[in-house]
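Which chain is which? They are A, B and C, in the order written, and residues in each are numbered from 1.
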Amino acid sequence: MTMRHDTQTEGGEVRPGETLLEIKHLTMDYQTKEGRVSAVKDVSLTLQRGSSLGLVGESGCGKTSVALTLLRLQASNADIVEGEILLGGLNLLDLSEEEMRKHRWADISMVFQGAMNAWNPVYRIGDQIREALDLHWPEKLTTAQVRQRIAELFELVGLPEEAMDRYPHEFSGGMRQRATIAMALSCNPQLIIADEPTTALDVIVQDQILKELKKIQTELGMSIIYISHDIAVIAQVTEHTGVMYAGKIVEYGSTEQIFHRPRHPYAWLLLSSTPSITGPRRKLAPLEGEPPNLMVPPSGCRFHPRCPFATEQCSNEEPPETDIGDGHMVACWNYEQVPVGISEIAAEEG
Amino acid sequence: MLKLFIFISKRSVQMLLLFVIFLTVLFFLLEAQPGDLSQQYIGNPDIPPEEKARLAARLGLDMPLFSRYLAYMKNFFTGNLGNSLSQYPTPVTKLIFDALPRTIVLFLSATLLAYYLGFVTGKVLAWRRGKMSEYLLTLGGVGLYTVFYPWFALLMIWTFGFTLSNVTGIRVFPINKFIDVSDWLGSPFTTNQVFLRMILVAVLSMLVAAVATVIAKQRLEIRQAIRVRNIAFLLGVVFPFIYFFFSAMGKYALDILHHTLLPVMTLALVAFAGIMLLTRSAMLETLREDYILTARAKGLPEKVIRDRHAARNALLPVVTSLVLALAFVIGGGIITETVFSWPGVGLLLYNAVILEDIPLAMGGLSVIAALALIGHLVADILYAYLDPRIRY
Amino acid sequence: MTERIDLEPEQSTGGPLVQEPLWRIRLRLARRSFGRNWKMFVANKIGLIGLGIIVLFALLGILHPILMSRVWDPAIYDPVQGYDAPVAEYTVVAEVQDPASEMDLATARLMQNPFVEEGDIVTIPQQPAPPSKGHWLGTDPLGRDILSQLMYSTRAAFAMGAIAAFMSVLIATTVGSVAAYYGGWIDNVLMRFADLILLVPLIPVLIVVGALFNLTLPLLGMLIGVLSGFGGTAIVLKSSALGVSVKPFVDAARVAGGSNRHIILRHIVPNVLPLSFLYMMFTVTEAIALEATLSFLGLMNVQMSWGIMIFTAHSQGYLLSGTHYWWLLFPAGLAVTMLAAAFFLVGRGMDEVINPRLRVR
């Protein structure tokens, strides 16, 4: 008996290249005691079936807010001002809570931060995965079938089968993260959101897990959205990358385009401030200043107070998203001034 | 399983050690009493000196301090607590053991009731954060938690024992005491015979229900198991009533039950408030945990998240707090017994203190302390059972 | 390495950088942080309500000696020895129609004298008497003014609460800091001792202590303070001090050659003190309730307190009169409850300020 099951079959064959997820003009505020915080502003993204997308930015830039909104798990004080989240043409924001529940994990699942306590300490790992299977697997599974399915998943992520009877505290950080991935895969979702999947793990384990995730993604033909502050992680595993700053996507393109030649000053500075293990030795350019207070976001371009290329125009008018060829989008008035190379010039700047 | 066993034995030995330390402190407290204990017995100036010496020797007061301490300990652990002075010559042990079941039932039923209701209410309260009902119940909880307990008990007697009976014309709750003596005239049973039978029947039927539930959980599916559990516990509650309906003791058992309700309710109500507030804050902490977000992401229904994930973890600090709740229930229990004239160990202790019956007071205090320690031991074991991080 | 690192360049150029004396800087910082915390405390409302009640009771307590020396006649209003019984007149009749103004012959003969006849008017002193102009809260079964008793007892409650609070802060802060800083066997002994105290049921022990010793207010306050200081509060403060003692500035102080005593007093204690004050509030709550309980049981050597007021009403059998004699039971019961609750509420309010976990994001 094979336990493989495709939720996609109802919608016909899985066709790579077909649009799976479309986020249209998502704008979200947080209602706090002090006032409204504009956490996500006019974010639009498209994700093809079987492809991977990275969202990168400093902490607090809204990337996790976007991720949680995809599952409709945004904080209770969040207010979605406008926008649509279309999963296979279905607007998730229109669904009732009860309907949405059925889509969670079955269609979109999540790999939580390694540093997070994603596991309930009082239940066995296997039982916690079983919860998802009992809820979302199309047929009712017997205990033996459940154990077989979990064993399959554990094999996929490189965990021993008997680990399913253990408690979370008996696992190492890396094992726990593998189990988290296994749980995310359990119901064959169409989309996995990996929020800082390797943060808090040591570099070697980090590398292993990223490689495995990538392998699994290609093997099973799933789509993954990676969310990280670490551009090295994004560069390693994604096909497309969106750079977020202060709740907005400032640059979007293929990962190669962005890492080869960032066009937005923020992306350029972000890359320049990251050490490269393989590249030439260089001084790191620090990113000056602090992320803006989103209660009163800066006028015009949200990055202009920290931008080395800022002009009068930047502080007055919001820059439009410009397609500079091959789907490479950038929202900046002066993207042409951003230098080509990273290292040397950045070193001078720093 | 072995580790759990080792854990239990270790804790038991620790508790025993603590008890010995407690008895030691008690002994020296007695010695440090102003006016010297011996003077109370042989201080009378009319007693001639040679008679005094004879008396002192008979009472062991001529022995050195340490030998007296050893004798005291030996006597205690061989069950010899001396004779009561106020009810001479009844041995203290007999008085205490007669009263003990009543105290245990009062403490235990109030604790269980308070824990069950407090946990369920606190859990729901945290889930309804920000609603008016949450606000009002929390406020009421704080009020009950800080209310001056003896006063509250008096108000309860007045409201439910007195006013309610006056208004309805039926004696809904008796005002105090353990039985109506007039109903027991010519009874073939003693109160303790009936009471012990009641405890036995209740405990047995609950035990059967619990065993049935455990078996059902292993053999059956979760939904069926829950149904079996509900039916089993319902029968567990109903069965004692059926038993006593047909028993010759029925009439007397009903009288005891009638007198038990109000004190248990009063004590439980105050303990309930503390547990409810604690569960609420523990739940609010737990709800911030990441695994709650995981559970939501998995698409679990809200009720399952609340009960299976949040409440299960919030239970841990609540069980830990049994340490504090126990002090509350024991202190409150003694006041309850005093105010309701409920003839338990607490009332015994209080009367002994008022009548300066030192052996009885010491015995009562030791037994209450032993009860507290046993309660802690149970809480520890329960915690180890509930938290896998301790168990292994 | 050719460059020499100058650690204190300011000193070489002469004079400290900041001219302001240190104490004034400290004061300013303290005032600023107090202002910030006060704002949080006020925003919470719970604490503010508690504080309001405490101030109200404090005023009552302060007012009492002034009233006694200036306004009230001690012979009437003294909380313990005062006596006043307003008289009510009754007409002696055969059949009582109106119990407020009539009395049957047998009762009248019993209460007045055996020579009373029907139709006479008898005057009977009222004790307890209901609230009147002279006695706002009426009098107790012994003819003493309830309001005066209530106000007098407030002072006792505060004094005892203060003693208990002071003792518990002093001991718990010391025990907690020392246990956390030294660790090892010192920590072990202190914490096991704390466990022991926590395990012992307090009320029965105090009942027996009350029987063996002459339990006065200061003694009880001290006892509660010591038990709380070595017991529960010490455990909480130790875990807080443990968090402080691993902070870099403690290491820095140690490296800089600070003595153990200096580090504990200057670095650890100031950091656990806020939490210590928080638990002090709960100690006061406990102390007030315990004192009232023990007085209620008649085990305290004290002339008047809220507990004794309730005890008097209860022991004279006025309980089942219910609301008819409300002034006997309610003022004292409410006073204990409200003052205990007030300290508890202040504690909760402080908790929200001190405990960042509880803050609303």
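Assorted remarks:
Here is the rule we go by: a contact is a pair of C-beta atoms (placed from the backbone, for glycine too) under 8 Å apart; a residue touches a chain by one contact, two chains touch by 3 or more.
Every value quoted in this text rests on a predicted model; they were computed, and no experiment measured them.
Across the two candidate interfaces, B-C and A-B, the one carrying more C-beta contacts is B-C.
Using mean Cα coordinates as chain centres, the one most removed from chain C is A.
Separating the CA-averaged centres of chain A and chain C is a span of 55 Å.
If you average the Cα atoms of chain B and of chain C, the two centres end up 27 Å apart. If each chain is reduced to the centroid of its CA atoms, chain A and chain B end up 54 Å from each other.
Against chain B, in their complex, chain A makes its touches with residues 71, 73, 100-106, 109-110, 112-113, 116-122, 131-132, 135-136, 167, 169-170.
Interface residues of chain C facing chain B in the complex, by the touch rule stated above, are 195-196, 198-205, 207-214, 232, 285, 289, 292-293, 296-299, 306-307, 310, 314, 319-320, 322, 329, 332-333, 336-337, 340-341, 344-345, 348, 357-358. For chain B in complex with chain C, the touching residues are 18, 21-22, 29-30, 33-34, 142-143, 145-152, 154-155, 157-158, 162-163, 175, 281, 285, 323-324, 326-327, 330-331, 334-335, 338, 346, 349-350, 353-354, 356, 358, 361-362, 364-365, 368-369, 372-373, 376.
Contact residues of chain B toward chain A in the complex are 289-291, 293-301, 309, 312-313, 316, 386-389, 392.
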